[in-house]
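Each remark here refers to the structure printed beneath this line.
Letters A, B, C, D and E mark the chains in the order given here, with residues in each chain numbered from 1 onward.
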Amino acid sequence: MIVDCAVYEKGSRRPGRLELHEAHEAGRSDDESFVWIGLYEPTAEEFDSVRREFNLHELAVEDAVHAHQRPKLEQYGDSLFVVLKTARYVDPEEVVDFGEIMLFIGQGFVVVVRHGQATELRGVRRAIENRPEMLRCGPGAVLFAIVDQVVDDYVPVIHGVDNDIQEVEAQVFSAGNGNPAERIYKLKREVLEFHRATASLLEPLDRLARRPFDLIHPDMPPYFRDVHDHLIRVNEQVETFRDLLTSILEANLTQVSVRQNEDMRRISAWVAIAAVPTMIAGIYGMNFEHFPELEWSFGYPLVLTVMATVCYALYRAFRGSGWL
Amino acid sequence: MIVDCAVYEKGSRRPGRLELHEAHEAGRSDDESFVWIGLYEPTAEEFDSVRREFNLHELAVEDAVHAHQRPKLEQYGDSLFVVLKTARYVDPEEVVDFGEIMLFIGQGFVVVVRHGQATELRGVRRAIENRPEMLRCGPGAVLFAIVDQVVDDYVPVIHGVDNDIQEVEAQVFSAGNGNPAERIYKLKREVLEFHRATASLLEPLDRLARRPFDLIHPDMPPYFRDVHDHLIRVNEQVETFRDLLTSILEANLTQVSVRQNEDMRRISAWVAIAAVPTMIAGIYGMNFEHFPELEWSFGYPLVLTVMATVCYALYRAFRGSGWL
Amino acid sequence: MIVDCAVYEKGSRRPGRLELHEAHEAGRSDDESFVWIGLYEPTAEEFDSVRREFNLHELAVEDAVHAHQRPKLEQYGDSLFVVLKTARYVDPEEVVDFGEIMLFIGQGFVVVVRHGQATELRGVRRAIENRPEMLRCGPGAVLFAIVDQVVDDYVPVIHGVDNDIQEVEAQVFSAGNGNPAERIYKLKREVLEFHRATASLLEPLDRLARRPFDLIHPDMPPYFRDVHDHLIRVNEQVETFRDLLTSILEANLTQVSVRQNEDMRRISAWVAIAAVPTMIAGIYGMNFEHFPELEWSFGYPLVLTVMATVCYALYRAFRGSGWL
Amino acid sequence: MIVDCAVYEKGSRRPGRLELHEAHEAGRSDDESFVWIGLYEPTAEEFDSVRREFNLHELAVEDAVHAHQRPKLEQYGDSLFVVLKTARYVDPEEVVDFGEIMLFIGQGFVVVVRHGQATELRGVRRAIENRPEMLRCGPGAVLFAIVDQVVDDYVPVIHGVDNDIQEVEAQVFSAGNGNPAERIYKLKREVLEFHRATASLLEPLDRLARRPFDLIHPDMPPYFRDVHDHLIRVNEQVETFRDLLTSILEANLTQVSVRQNEDMRRISAWVAIAAVPTMIAGIYGMNFEHFPELEWSFGYPLVLTVMATVCYALYRAFRGSGWL
Amino acid sequence: MIVDCAVYEKGSRRPGRLELHEAHEAGRSDDESFVWIGLYEPTAEEFDSVRREFNLHELAVEDAVHAHQRPKLEQYGDSLFVVLKTARYVDPEEVVDFGEIMLFIGQGFVVVVRHGQATELRGVRRAIENRPEMLRCGPGAVLFAIVDQVVDDYVPVIHGVDNDIQEVEAQVFSAGNGNPAERIYKLKREVLEFHRATASLLEPLDRLARRPFDLIHPDMPPYFRDVHDHLIRVNEQVETFRDLLTSILEANLTQVSVRQNEDMRRISAWVAIAAVPTMIAGIYGMNFEHFPELEWSFGYPLVLTVMATVCYALYRAFRGSGWL
């Protein structure tokens, strides 16, 4: 689906609707113009007309339609192909939902293809249309605006995971009987996958920040450096999560083991308490003919008192040592 | 066994059967021709005649017959020697079955030796014969087509392992009494071996994508870069599997320990319930002469009722705390 | 809040109060002068006037107001932007409290923005004002003095964590029943975060020690090398902490498991001791008509003696093998 | 002990016995000659005469007599000094037995010193004497032949360890009560030591394969590259062993824990079964005067039947749930 | 404390006592002379006179008095500053005791400052005074002699730790009840700290072996390369220790768990044995009026025999399965 298609001249949008077949022409009209086409999950046919219009490389096109790429920056001849991984956190399922954005950047045009639900681009277009001094820098500015948004959208994912880790920590170290091993493991799985997305983007962004590309306006690198820096922060956070989840899985084993022992100690203590009157009763149940206590008139209540006393003393002792 | 032997001129196959001893000559007829010979697990004698025909380096030849190489790309004088590791997933045994493909590439010829069952090459030859514009690029195109197929064939292995990991996860976190430790371990063993195959191929592919070789047509590098990228994805997935399997082995220990404890708690609870009537019965089994309750006519039913009540109360309590 | 604003000429402070709008002018008066402005958690408006006065880059400004940066050193045109992470150890909560210091360094000025409570800068200013030969080196000397203070302030954090690790070690290997798993985990969490701060500062400091910047006086690099060296030491210590905490988490599991077993053995031993008189009493409680011992006049005391003897023997045996 | 001392001219051995003091002279007679001296664990005196004859560097000499070096390749002036670590697997003790081979290579001579039992060199000399075209390449060919043999001799070690790991796996996942923790640990210890030997050799071999040395014939590098490749394979295998042994140590803990629980469940089940008749018997052992069942003539057999039935039912239940 | 102060000319010590204030002059007398001053834990005043005499850099001086540096090699102008970490193993406490040696090397002088007890330098001075051909190389030879001694003194530490690891292994895998978790952990702590000392020295030694310094005689690099190689060996050994101690901590957990289970099985077996006569006795303690066995005259001895037989059979069974 073609979402939007517009020409930008000297930093501002030329009014009116632009047809696809006019796009290439319009973008080439002069040096300070470019066309920005936005597509959402295009079909092979839809994309094919774009491909022909801008003469895109067959390999990049294949990637754009099939999605499931890793973040990368490729240079095909005099055009750039950028793949970004978008992410959003679906809190109820504690799952990171990934999407993709591909950009084809050439002389006078930028084609943006979005797959998946994360990172809405309409807002990005609107925001940058309000910054003509930025938009004047051409397709590189569009690339920056989109990359910036994608990396910004990683932050809620970080917060979501952080929240869940804190919940899991509380669960692990609480007195309750829960065993969040499955939840920890599933979180780790998500974090590993998220890490793959953030770590792979570091190198392309670093190249955009360092190496000058002909297609990128020379004012842009500091901006890419800034996003790169932001991404490093996100990435370090994700790596910390990985370490923490490994530690917490181990701590959980200790806690589960400790709680198990508390259970066993408690029941063992009760069994030990019950064993004493049973033993005493056994003694007074023996059938010896010469058994003086049995004939005492206060024998029975005395024994009952002894039993109760011993049981109570044991109970206090177990209580005192924290077993009950 | 010589599977096929053909001359390609300007991107299309010259009809008719080609004998081995004519091959070298035929490939050198003009600049746009080359010979493509396919062998399957050749004997030393079969290979020896190929070696003499194309004057291959003794070290490469030794590798080709003995197999059990690691993926690599070697340059011997003006010819290239490439080793690829093929893989297929044998699901019933959860085992990755490896094979090997070696390519000898020189001016006007490409010799392909296949060992093992994975990655059938007949389809590759047929597919590329339908793309004359690609085949025109010479032996480098054949190399690309085969590498591409080999890496594509890694994907079903990834899916197979992923499926099994998901099954194992379900097993670990289910309520059942299974202990999939052995299965996890065996999967990890396969993943480690598979990782060796994929990781070692990265460097040769990267060289093909970057460094220009005289034997490789200058249009080919972007294609190799594409396969390289695909391989990175496969490789990252394999590394994630490794991490996941390590975590799941640990999670499994926790789960086994938790289930063990549930077993012990259940039986301990029953023993505790049985201890109470035993104790009470012991008391009323004592032989004191002065024992008022024994003479009460409702003594026996009363005691039975007390026993039943206490046991039921304990049962409810254990039930409530999740022990039974 | 503007904390201080002063001009330094040839290494000494020009007396009198300097208004912000005069600052840029004053710093440029001659080559050996510069302005040093200190701000504490400025509002956007406060900072905006500084920005306009010194014409700072918009990206750096955004960072300065929002804080939550990672340590870095950026060059924007002919000015430097440095972010430092300050840290102090809040011992009662065993938490590392982070702050930030940003420096904007340009020809003739240095703007210092501090966030958070750690690393008071008033003392730094006073100390360097007493070393005119250092201050003569210009803004680079201010940068050095502040970085030096920031890294020095990491040392009490190291000592605090070290203390707590030693306490935790004592707890883990003591005979007591404590389970410091939560404390170990929380410490590890703090150490991981602290490591992120120290490790990220290594690279910027290394650049200051190696690469000559126009804005940094050529006498300064050895000083930065010295701080860099100090930071490496801090960083190595932090990494050792990480390793130690991982080991201690595992050692704790062993210790908890050993202590659990001691508990279970003790109670099992008592149950075993109680089982013996119960069994003997059971035997003499049987109702056989022909039961010679029951008629012996010394039967009852004899049996009691046997019971006591066996129990005592068991008690000694358990004592001897360390179970009680 | 001097094992052998011979001059090789144009690829073939000059007949007759060569005395040590003639050696240097003989090796320098013309460009295509060299002397090859083999020593086995020489005494300091024996080696001293060799040292004087060939004027070897004092540091290299010290290494040669004391052994216990790590694999390395040093260039002293115009001579090369190579240390190789030999290995053989002593299967009964599951121990890797290391030896050392040092080579001093100079213009017209190669001195080979062997320590320890692994990698017999007599066969190497005989084999290369049958390949005059190789031997013609001079001392570099001798170096290649020996390195090749040393790396080939790593393969039986790999196979030996692999076998033992498979045995250990079988032991860990069998139903038996064994605990191979010690064996796993000892294997890991050997693997770590073996890894040190193989990993340290990679860099010297890589240098021989890449950098041209004056003393090494220009035809040799592809051969060294081949050995290097072989060594990488060995080394990867060793690293996989390390990973596997770490995993199996952990899997073993799970298995031991599972088997422990099976033991405890079994005995607990029997105790639970025994508790039931004890409880019932206790009830009918009470001394109530009004106790109707006791007077029933079929009371005793009925109770016995009830006991047997309950016990059998419990037995079946435990059986069914896999506890017995 | 100034330990020694002497001038060396052309490789031999000039006789007579040299005062500090004459030292700088004496070392500069001609190109082949230098002064060697040795200090042991100097006070700030003592060192200050040395500093003034040789005009040392303030940063290096601060390091020399405060100690607690990491191994490093710094170049201040035309002089070198080297920090070495000395180590000795205090076996009774299983602790590595660290000291420091700092060297200031300049044209015609070398100042050596030692802190701590490890690595006595008197012997080093005496030994090198006996090698005039070495001493002729100037201050670089002194540096070599000291570094060589420091690295040699690491070897007894390695042996000490190795011994203790072997003791710990024996303890872990013995049948005894010990739990060396604390000892393993403490050893690991020492090994981590020792590793920091050895690993940080690698880079400075590598630079001495590779890069030519004006102050270091061109004959020295091979000697430094030799020490560097020695240090790599030490360092690899330390890293192996780290890996081994991690594995042994885990193996210990398994062993402790196995021994715990053996304890529990033993006591459970005895409880099971005791449960049988209790149960039988309970049955014959029932008060049924019609109870034929009770009237049999051989009833009591028969029951006792049955009890003994069953107990003995159980005992044999438990014995056979290894529980007792």
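The working rule: a contact is a pair of C-beta atoms (placed from the backbone, for glycine too) under 8 Å apart; a residue touches a chain by one contact, two chains touch by 3 or more.
Only a predicted model underlies this, so the values are computations on that prediction, with no experimental measurement involved.
**Student:** If you walk touching chains, what's the least steps from chain A to chain C?
**Tutor:** 1
**Student:** Taking all residue numbers at the chain D/chain E interface, are over half used by both copies (same) or under half (different)?
**Tutor:** Under half shared, hence different.
**Student:** Would you kindly give the rotation angle relating chain A to chain D, two copies of one sequence, based on a CA superposition and rounded to a multiple of 5 degrees?
**Tutor:** An angle of 145 degrees brings one copy onto the other.
**Student:** Just how far, in Å, is the C-alpha centre of chain E from the one of chain A?
**Tutor:** Computed from C-alpha means, the inter-chain centre distance equals 42 Å.
**Student:** Using mean CA coordinates as chain centres, what's the chain C-chain E distance in Å?
**Tutor:** Taking the mean C-alpha position of each chain, the two centres sit 26 Å apart.
**Student:** Which residues of chain E are in contact with two or more other chains?
**Tutor:** Within chain E, residues 250, 253, 257, 264, 268, 271, 275, 278, 282, 285-287, 291 contact more than one other chain.
**Student:** Pick one for the touching-chains graph, please: line, ring, star, complete, other.
**Tutor:** It is a ring, because the chains touch in a row that closes back on itself.
**Student:** By the touch definition, the chains form a closed loop. What is the full order round it when you set off from chain A toward chain B?
**Tutor:** Cyclic order starting at chain A, direction chain B: A, B, D, E, C.
**Student:** Please give the residue numbers of chain C that touch chain E in the complex, ascending.
**Tutor:** Residues 169, 173, 222-223, 225-226, 229, 232-233, 236, 240, 243-244, 247-248, 250-251, 253-255, 257-258, 261, 264-265, 268-269, 271-272, 275-276, 278-279, 282-283, 285-292, 322-323 of chain C touch chain E in their complex.
**Student:** Residue numbers of chain B touching chain D in their complex, please.
**Tutor:** Residues 57, 59, 69-70, 72, 74, 76, 177, 179, 181-182, 184-185, 188-189, 192-193, 196, 200, 246, 249-250, 252-253, 256-257, 260, 263-264, 267-268, 270-271, 274-275, 277-278, 281-282, 284-287, 291, 293-300, 303-304, 307.
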